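Each of the next two complexes has chain A plus one more chain, namely chain B in the first and chain C in the second.
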Partner chain A sequence: MEDFLQRLVDGLSYGSVYALIALGLVIIYRGTGHLNFAQGEMALFSTYCVYQFGEWGIPVWIALVLGMGVGFAVGAVSEVALVRPISKKSPFAVFVVTLGLFTFLNWLDGAIWGGQQLPSSAMGSTQLRFPSLFPAEADALWNVFGVAIRQERVGILAMVLVISGLLYLLFNRTTFGLAMRAVASNTESAKLVGIRTNVVLMVSWGLAAAIGTVGGVVMAGLNSNVNLGLMFTVFIYGSAAATLGGFDSPGGAVVGGLIIGVVENMAAGYVQDWIGQEMKLAVAFLVILGVLLVRPSGLFGTAKVERV
Partner chain B sequence: MKSLITIRQGSAANWALRLAVTAIVVLVVLWVPRQGGGLITTTIEALTLMSAAMALNLVLGYAGQISIGHSAFLGVGAYTTGIMVSRWGLSPWVTFPVAFVIAFVVGVIVSFPASRIKGVYLALVTLALGLVFPYLLTWKKLAWLTGGGAGLPNADSEVATTGFDIGLAKKGKMQFFEVFGWDPFGDLRKPEAKAAFWYWIALVVAVVVYVVCRGIVKSRVGRSLVAIRDNETAAAVMGVDLVRTKALVFGVSAGLCALPGCVIAIKTGGVSPEGILSLTVRGAITFLIVMVIGGAGSLWGPVLGALLYTFVTDKTGEWADDAAIPGVLRPIFSWAQIPPADGMFAILLIVLMFVAPHGIAGTWRQYSHRVVRIVPRPAGAVGSAPTAAPSGPH
Partner chain C sequence: MNLLSVKGLSAGYGPVKVLDGIDLEVGEGEFVVMLGANGAGKTTTMRAVSGLIPRHGEVTFDGRDIHRDSPDSIVRAGVAQVPQGRGTFPELSVADNLMAGAHVRHGKAAEVRADIEKWFGVFPRLGERRDQRAGSLSGGEQQMLAIARALMSRPRLLLCDEPSLGLAPLITQELFAVLGRLNKDDGLSVLLVEQNANLAMHLASRVYLLETGRIVASGSAAEIGADDSIRKAYLGF
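This part shows the complex of A and B:
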């Protein structure tokens, strides 16, 4: 029972990170129909920025907000300067550009902050570990039914639920959310009724990257450091979450992320012989493959009707 | 557009041009191993990279199926050689056909989901495959075969320096490479002889991959691949068997991609998940960048792309250290803490997508006729000279 609860909580907190990445993917997919391969690396860049702000002595929550601002700018600029002009050519061109962005951002992180893990005392970091958003000390525990649950994990889950709630309000209760839904359902018609689709798409990409920043910071906090490979696997888990939930369903992304997080942790914990830590990623791979083969629209997505 | 020089196909000038190009290529190929040292090592890298990129080109450039998982096929090749030589003591020569067959089967299996999953979703699946593959190699249930996280180092300390050099896996055997009494390399334990030997293996593999790709592209299968890329539904209507054609192209592409893997295993002298960068997902992304920069859907594209990529990466490899940067460029690159090659190629990739989406080879095809135009022989006029040279762009 204790193992079960521990694994559940661990799974939910990692699942929260996947949910955040998946949310970013879904927001972009709904607006433009593109799969943003650079989602993880955009988040990684702003996560490095949060580390840098921390080095300058800025408290972590303020650093997070500043980092989200940086993320927003990176996402918005990418959309306006690269993705929008190239999307007139072909979907393959968009794919190559997002992949180029992926490589470029990863290189840029390395060029600015070096290839090693950060914080590192050899590089003169003043921080001892990557700042955690919630109390992460060994004694920051809550006792639930006799099981010690780390406050950090609960805090992360709560934060993701709050973010999802805010996004729900944004999509469903504001004029801008209405415009976003209009663009998602039919860009041409949205343009005709006077919605500035360019602004909507730009903000969608910015928003996606800003949400990704939260995911990156939480992941680096759980990992206690940030490095160049941090978001590779997280991106795959996030994509698996978006696939499972349905690429056009924000609610599905959150549910999908939490399910993937719990399933992979349970699988790694209970089937140690066969899956264990090293084959956790195979769970994500099988989920992507299985869902795309059996039910391409995912759990909550709308099935696409193809016109020949 | 008037071109500077017009050459009729099959004329003496055309043959002279072909002969000159062939002569230059042959001379360069023969000249490289004489230089030794850094140049030969870089060229071996370029040859393995271009083989992998050519294999990827079949699937991506011609058939239009996005794959970011080809590193896994290369890894299958590397591990086939590793396992067969170091565990079972077989000759590395045997491993090439075996690696091709195993990777072919894997490729065919991968093609089945590919016949249902399309576009970027296929990219996602193959990316996941590329990321999972190195973990699969470290999986403890497979450790009896793959050696787990440590991989398969050379068992023999004397061999450790020479790698899986032909036959050296078995001590004392075949330190020389002889064909019918002809011994071109001398003692293979010497570094120069070894480098030259690897160079020729890598070159033969690259040529084989090129010839197979060319054969497929110029055949009926090649035309059905292009038809699938341009419009899958239309291709099916025209009688292309989608499932079988995709299975074939994925199989052949995977099999060909395994061959440079064998070369890398022979050269590295041991295989491990971290030891060979090309078998991680970064490798797959590199193949893709090389192929797109060189020219997707063109036979020479990956060759040009791989040469450019390898030599630029090699030249700028030391640039993390500011003192190594040439004076003029120092202010531009000195801030970067890692070599600039990856960033430069990422920018080049994005810029090319805007200005020249068909890469270097495509741009050459588009503009070369302003300098030299080779006028094809009119159909049906075999043997007889055409009465009037056709004019205007073809």
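This part shows the complex of A and C:
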């Protein structure tokens, strides 16, 4: 029982990171139909910035907010300067552009903050100490039904739920959120009701990258360090989460992320002998494969059905 | 003075030129019908006036040059389009579709809510389905929704692109009756594009005939209706 609860809580906090990355993927996919391969690396760049702000003596929570600002700018500029002009020529080429952005940002991080470059960066890059947003000392524990739960884990989960709630309000209770949903549903009609679709798309990319920043900072906090390979596997888990939840469903992204996190940790813990830490990633692929076979639109995604 | 005045309008898609110098006018409170066969350029005309595609030539609305304006500022100026094939937001609820239609009127929530109720009064079937996803509505209901959504911006000119497409004649009649009332009672100016305009003809104050990107005839509904060859080609009787 104690093992189970520990693994559940661990799974939920890693799942929170996947949920944040998946949320970013979903926001961009809904707006433009593109899969942003650079989602994880955008988050990593702004996470490095948060590290840098910390080095300059800025408290971690303020650094996080500044980092989200940097993330927002990186996302917005990428959309305006790269994605938009390219997608006019060829929507498919956007896929290559985001891959290019992926490698460029990782190179840039390496050039500024040191460490080995791709492709071996995941293994040997410089590990820079990274603070946690929540109390992470060994004795920062809460006792829940006789099980010691780390406060950090609870804080992370709470933060992700708050962010999800705020996003829900943004999407469903504000004019801008309605405009975002309208653009996602039918871009041309959105123009015809007077929505500035360019602004909506720019802000969507910015928002996705800002949310990703939180994911990167939480992940670095869980790891106690930031390195060039931090977001590789996280991005894959995040994609699996978005696939599981449904690529057009923000709520699904959160639920999908948490499920993947829990499944991953349970699998690694209970069936250690033949899955173990190294094979955890295979779990994500199995989930993607299974979902695509059984329910291609994901748990909460909408299969496009329309009467004419 | 004319509300909408178009002179020498050319537009197309990439290297394909669809419109080749069109002149047309819609006066304040007028109901103008543009007839044309498939591929004549009716939809392109609508899209060019609304600013969805690059265009050349003069387009003035209420004395203001709008031919370089973006779609959103054209909506703000008072022109709303009901696109061909309804173009609703299928994943959004009926009420949210109407709310999105009022995008340019943000800050006036009470007024907007009152307008939504007003259109639910005009189209009771939309009111019954207010929380249903627009994509689940029938074709006729979606067309009503598309019209109501366009009217949510409180336009002075309504551009209507083949609303009868794929609808039962009875439904089309119902829709045109509503458009006629809006024109007569509320003074809404309408530019309606149709392929088969039997039903629209008696609403029209003036008619234009479009053939392969050019206006080939124009006149009052009576004049156009009296022309045998036009009647056979476009009105089918």
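Note that the second predicted complex is superposed on the first by the 289 of 308 C-alpha atoms of A that agree within 3 Å, B and C clash if a C-alpha of one lies under 4 Å from a C-alpha of the other, contacts with A are read in each partner's own complex, and residues count from 1 in each chain.
Simple rule for what comes next: a contact is a pair of C-beta atoms (placed from the backbone, for glycine too) under 8 Å apart; a residue touches a chain by one contact, two chains touch by 3 or more.
Just so we're clear, the structure is a prediction, and the values are computed from it rather than from any experiment.
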### Message
In the overlaid three-chain picture, which partner chain does A:Ala179 touch, first (chain B) or second (chain C), both, or neither?
### Response
second
### Message
Taking the superposition on A as described, I'd like to know which of chain B and chain C A:Ala284 touches: first, second, both or neither.
### Response
first
### Query
Given the touch rule stated above, what does A:Arg196 touch, chain B (first), chain C (second), both, or neither?
second
### Message
Is A:Asp139 touching anything from chain B or chain C once the two structures are fitted on A? First, second, both or neither.
### Response
neither
### Broader residue contact with chain A after superposition on the shared chain, chain B or chain C
B
### Task
Jot down the residues of chain A that show up as touching in both complexes, chain B in one and chain C in the other.
308
### Query
Quick one: in the complex, what on chain A touches chain C?
175, 178-179, 181-182, 184-186, 188-196, 248, 302, 304-308
## Note on the structure
Listed in rising order, chain B residues that touch chain A in their complex are 64, 66, 68, 113, 116-117, 119-121, 123-125, 127-129, 131-132, 135-136, 138-141, 233, 281, 285, 288-289, 292, 335-338, 340, 342-343, 345-347, 349-350, 353-354, 357
### Query
chain A touches which residues of chain C in the complex?
50, 52, 70-72, 75-76, 80-81, 83, 85, 87-92, 96, 99-104, 106, 135-139, 142, 149-150, 152-153, 166
### Message
Quick check: in the complex, which residue numbers of chain A touch chain B?
### Response
34-35, 37, 82, 85-86, 89-93, 95-97, 99-104, 106-108, 110-115, 232-233, 236, 239-240, 243, 273-274, 276, 278-279, 281-282, 284-285, 288-289, 292-293, 296, 308
